[in-house]
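Look at the two complexes coming up: subunit A is in both, with subunit B in one and subunit C in the other.
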Partner chain A sequence: MKRGLKWDTILRSKLFWAVVAEFLILLVGFIIRPDFLNIQIRTLEDGTRVLFGTPIDILNRSSEITIIAMGMTLVIALGGTDISVGALVAVSGAIALKFLRWDVLEYTTPGDYSVMPFVYVLVVPLVVCTLMGLFNGTLVARLKIQPIIATLILMVAGRGIAQIVTDGKQFTTQYAPFKFIGNGSILGIPLPIIITFVVVAAMVVFVRKTSYGMFVEAVGINPNASRVSGIRSAVIIMIAYVLTGLLSGISGLIYSSRIISNDSNNAGLGYEMDAILAVVLGGTSMTGGKFTLVGTVVGSIIIRTITTLVFYFGIVSEAIMAFKALIIAGVIVLQSEPVRRAIARRREKRHINLGGELHA
Partner chain B sequence: MPEIRSKPFRRLFKPNYLMVYATLGIFLLLYLFGAIMYGKIGFTSIRTFLLLFSDNAYIGISAVGMTMVLITGGIDLSVGAVASLTGMIIAYGTTVMGLHPLLCFAFALLVGVGLGLLMGACVQYLNVPPFITTLTGMFLARGVTSLISRESISIKHPMIDALAGIKFYLKWPNAAGEWVKIKPVASIDLNTIVFLLMIIIGAIILQKTRFGRNVYAIGGSVQSATLMGLPVARTKVLVYGFNGLCSVLAGIAYVLYVKSGWNLALSGAELDVISSCVIGGVMLSGGVGYMWGTLLGVLLKATIPAIITFNGTMNSWWAKIFTGVLLLLFIIIQRAVVASSSRTARKAETAS
Partner chain C sequence: MSGVILEMKGIDMAFPGVQALDGVDFSLRAGEVHALLGENGAGKSTLIKCLTGVHRMDAGTIFLEGKKILPNSPQEAQHLGISTVYQEINLCPNLTVAENIFIGRQPMRRGQIDWKTINRRSQELMRLMGVDIDVTLPLTTFSIAVQQMASIARAVDINARVLILDEPTSSLDEHEVARLFEVMRDLKARGLGIVFITHFLNQVYQIADRITVLRNGRLVGEYMADEINKLELVTHMIGKDMNVIYDLKKAPQEEGAPVVLEASNLGIPGKVEEISLHVKKGELLGFAGLLGSGRTETAEMLFGVVKPSKGSVSMNGEKLVASSPLDSIRRKMAFCPEDRKRDGIVAELSVRENIGLAVQALRGFMHPMKPQEQQKLADRFIRLLSIQTPDAEKKVGELSGGNQQKVILARWMATQPDLLILDEPTRGIDVGAKAEIQRLMLEMCIGGMGIIFISSELDEIIRCANRIIVMRDLEKAAELDGEDCQQADILAIIANEETEEAMAE
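And then the complex of A and B:
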């Protein structure tokens, strides 16, 4: 009896279905290309040994979205959305490259591109993105503006700001420490994966070991009740948007380091959509309330796996969207309330039937 | 009878209208600014004014459907992708397959309205949030467009050329009493006519039909609308279908404007459309919005790049930043209006 109940809760949880979906997609990849799941150690030209293989690549490439989606999970759990994250990625990259190329004329030795202290390259983009998150948060929490519209402002203006920072130019850099962020590896593990792991771990600890996560769920489920019971919902909401801004900044640094350049038009393009999808696929409801950070990580990995798989099919990159849409539509329909209720009801019925037979 | 006469006067000051007035006021201010700064180089000419319409007709046509979706409290992110798909269907159909454009129009309409209805059904019956549903629709439409062709296909068909070439020149009588084209030459093209026609049709649907009342009622409160026995499900699904129709018309207008189909065309257009509606006083929380507000919103948003073009020294990215500032301004105005009207409502409550 008890075991049956447990299975019921597992079957009803969206996270379980997300993991199942991920394994199914990996299985499809494995059937098509048996080397899909291979991981090997390769030695690079400079002697460092790195892990190599599609699963590692999926994890590595999903890191930008995973990091943003950590903040997005909180924002969505509070019943909001942040569609400015893609623009913030562009802003972060633009500022970083601006500092790397502070004064082109002062280059002395090749390779030494950073005239400003390297700390600036890392800290200033993050500070600016955090402030932009604060702007979003103020509009949503203090002025009570609809989140989509409040963040639409920076989504539209953000890319303009990024272009103004770099004067519309695209810089490239070969500065090794900066290149290391997106392309380096420690103990064979690509650095973006490590950064993602640290971010996810920090977020999980912050959310589950302090009362913040509980407050987020309380505000997301019923803002009025939680305000009446003494939760300062404005501060809770503000923190979520500020965190999302900061995480978008980190993601922007990884992205611009990967392409060792800034690209105000294309950096982070569509990230808001991918991040929201990652959150929803992971099992956090768009209507707010309960959330799962681990689920979001799974969701982000699902999105990247689909993309990788479609690349394996050799299909043009733009057409990936169609496949993404079909798979996501499938997952969304499976996760939608009426369908899940129907499945649960059928299971219950079968349960009762079985029970009856056993008694008889 | 003073009471009756004062009624329409009071109606003019309905708080919901205030946002439309704000749009009108800021549009006039911006236009005045442009006229003072760049009046000498032709900013005030009728030609420039008409270009505001014809250059943004596809945004405006799409905004008609979007206004309706937003009033029901939904959102549709797929409009740009569906319009792009329409363009690709027309381009591929006429140029590569050699079909008649009308056939392509019909097929595109079928696809666009079908996708719209499907998304509406998904929102209504599966309870999937509109944002996610239409996001999936956007991915799907964009992906299918790329599957058809990744290259930009230019359209060469006499009928498309003829449609794009329809122009009604504005004329006035000269000293000899003959009708001649005004200088600088100004004309109204087919896109502008369709745009204005769609605004009028949209306004009639919203204000004069039972369907329009239902749209407002759903936006006000879905529960109340359901309890009142209004056909919530049918209305919602039809609104998304109508928006699909508008997206296809916008796609056709875009094809007539650029005469080509491209899989990445109109990316991000959905945001232009939504922000035009918001600037025009449509509230994303639903229940509030007017077609003429949307018309003004499109015009106001179109004036910014026009001024920047006339300025000549500013970079195009300033347009993005100014649009962002405008959005912020209108959102704060909306917020203030809502706050003041809820305050008066509360006052009325305590008074009674």
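And then the complex of A and C:
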């Protein structure tokens, strides 16, 4: 009975089906090309040894979305959304590159130095993105503007600000420490994966070891009751948006380091939707309330797996988006309430038919 | 009395960990009002939900007019002639009364909605309910009572043969209840079978022909309403002797006990006129008055849920400045709000989390309670208040109303307040739980807590309160000594205004 019950809850959880979906997609990849799951160690020209293979690539490339989606999970659990994250990625990259290449007024060869101290390159973009998060949070928590409208402001303005910062120019750099963020590796593991791991771990600890997570859920489920119980919901909401801003900044640094350039028009394009999707695929409901950060990580990996799969099999580029959407639709159907319930019920029935003691 | 129209036999229904219904029989005759009684968790709602297809029962059969039925959804049940009106009004507030009555089954004419028929029929239906209103106005224009009538009109118009009223009177005042009963009598005369679920025993005697009592998922018995007295009935419902309930004694008052809470000239124009009051240590201050007389608004101002525009509140001699719930909690005040679902429970969180919520808010989220600490706190209150739950991890939303109320009470007791405001803590919960909550209140008073107790039920105020404030038309109408106060005195004060008006006319 006890074990049967546990299985029942697992079968009904969205996270479980997200994991199932991920394995199914990987399986499809493996069937079509058995080397899809291979991981090997390669030695680069400079002698460093790096893990190599599609699974590593998936993890590596999912970093930007995973990091942002950590914040997005909290925002969504509070019943909001933040659609400015993609623009903040562009802002972050623009500021970083501006500090690296303050000397360049025209397109020139990439320099292997930084004009400003490297600390500035790292810290200022994060500070600016955090402040932008604060701006979002203030609009939502204090001025009670609907989250989608409040964050729409920076979604539109952010890319403009990025353009202003860089005078509308695109810089490139060869400055090694900066390149290292998105392209380096430690002990063979690509740095973005390590950064993501640290961010996820820090967020999980912050959310579950303090009572912040419980307050987020309480406010997301019942704001009135939370207020009467003495929770200052404005502060809780504010923190979620500020964190999302900061995390978008980190994500922006990784992205701009990967392409060793800034790109106000394309950096972080569509990230808001991917981040929201990651949260939802992970099992957190758009209506707010209970959330799971680990689920969001799985969601983000699913999205990247699909993208990789699509690229891997050389589907014509025009069809990529449609194909991606098709798989995502499949995952969502698998996770939907009626389907989950039907599967759980089927199991239950079989249980009875087999003479299982449901009432025992 | 005519024949049986609905018969339920040997209904079994189990939820994980609980046998919610165990071989329950129930029968309903045409043209009768049949009260379904029992404590919270007795299985009343589960039985109804099996009947209306919300739950699928594990065993048992249902016959409607002799034919075996097995509804799979409320829609299907409705189609078969079983209509339900729930406690919370399930209509769309922004649509008109007529639209609400016909939504989902609009008569069409030449491919377009036939508004004329809708409005005319609605008007007729509402008139049958004894309500003559403009049905083309939005639902929210009207009182809760009228809205309730509209949902009954909707239910009845769909060819209902069985009408289930699930606590229809809990948000109505006395006049409205009387009108609802007229409608019920009328429907009864038209041959409908009505299942009436309520916690108000007086109402049962006013309207019901037969009574079925459930306890812990089992059938206790079926009685004719005029053959069983109230005491017997309650004894059947709670399964123990009623004397426990009537054995409550007021908290003794000490001379010169210090004042815990003092409010002076508190008010918001249009909501509550200036009100001044105080509560002493160990004193239970009762708050009587009709719904909308300013009771709840006063409580909300005291606790800082709404900001008073004038006046001041002080706790233990210190003035409250910020007018926010958190500030009040810091000054050792606590508040169980009237609307448990909206302002009280966080349904999806566990019992443990709900109990710890206010203590945690007081500490701030950066100073979390350790898991063991939370567990201990929850376990202590589950035992102390005998909250019925399999364990502390159960979602609060899955508990019965009375147990939810106890969880909220536990949340506040955990903050060890000096003053506790309880706004209708016993509304919508069963007799047994009611008595328990009253007993707890009195125990807390004896322990030195000051309590403000707001209730619509005068007898429980008179039974518990040391002092009584009567509210009328947004202001304090009188302050009475609780020791020698009669129900009639309070009623006279509440009614005063109306008589004056009548005289003026």
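Everything below uses one rule, namely that the second predicted complex is superposed on the first by the 323 of 360 C-alpha atoms of A that agree within 3 Å, B and C clash if a C-alpha of one lies under 4 Å from a C-alpha of the other, contacts with A are read in each partner's own complex, and residues count from 1 in each chain.
By our rule, a contact is a pair of C-beta atoms (placed from the backbone, for glycine too) under 8 Å apart; a residue touches a chain by one contact, two chains touch by 3 or more.
Bear in mind that the values here come from a model prediction, so they are computed numbers and not experimental data.
Enquirer: With the two complexes superposed on chain A, say which partner A:280 touches: subunit B (first), subunit C (second), both, or neither.
Expert: Only subunit B is touched by A:280; subunit C is not.
Enquirer: Considering only touches as defined above, state whether A:38 meets subunit B (first), subunit C (second), both or neither.
Expert: Neither partner.
Enquirer: Contact-wise, after the overlay, does A:221 reach subunit B, subunit C, both or neither (first, second, both, neither)?
Expert: Touch status of A:221: second partner only.
Enquirer: After the superposition on A, what does A:231 contact: first (subunit B), second (subunit C), both or neither?
Expert: second
Enquirer: By residue count, which of the two partners contacts subunit A more extensively, subunit B or subunit C?
Expert: When the residues of subunit A touched by each partner are counted, B comes out ahead.
Enquirer: Check the residue A:210 against both partner chains and state whether it touches subunit B (first), subunit C (second), both, or neither.
Expert: In the superposition, A:210 contacts subunit C only.
Enquirer: A:157 in the overlay: touching subunit B, subunit C, both, or neither? Say first, second, both or neither.
Expert: first
Enquirer: Please name which positions on subunit B make contact with subunit A in the complex.
Expert: 75, 122, 125-129, 131-133, 135-140, 142-144, 146-147, 150, 263-264, 271, 274-275, 278, 284-285, 315, 317-321, 323-325, 327-328, 331-332, 335
Enquirer: Across the complex, what residues on subunit C touch subunit A?
Expert: Subunit C reaches subunit A through residues 14, 16, 19, 58, 303, 305, 324-326, 329, 335, 337, 342-349, 353, 357-358, 360-363, 365-366, 368-369, 411.
Enquirer: Going by the contact rule at the top, pick out the subunit A residues touching subunit B in the complex.
Expert: Touch list, subunit A to subunit B: 81, 139, 143-146, 148-150, 152-161, 163-164, 168, 264, 273, 276-277, 280, 286-287, 316, 318-326, 328-329, 332-333, 336-339.
Enquirer: Considering only the defined contacts, which subunit A positions touch subunit C in the complex?
Expert: Checking each residue of subunit A against subunit C gives 5, 8, 209-212, 214-215, 217-218, 221-222, 224-232, 236, 289-290, 358-359.
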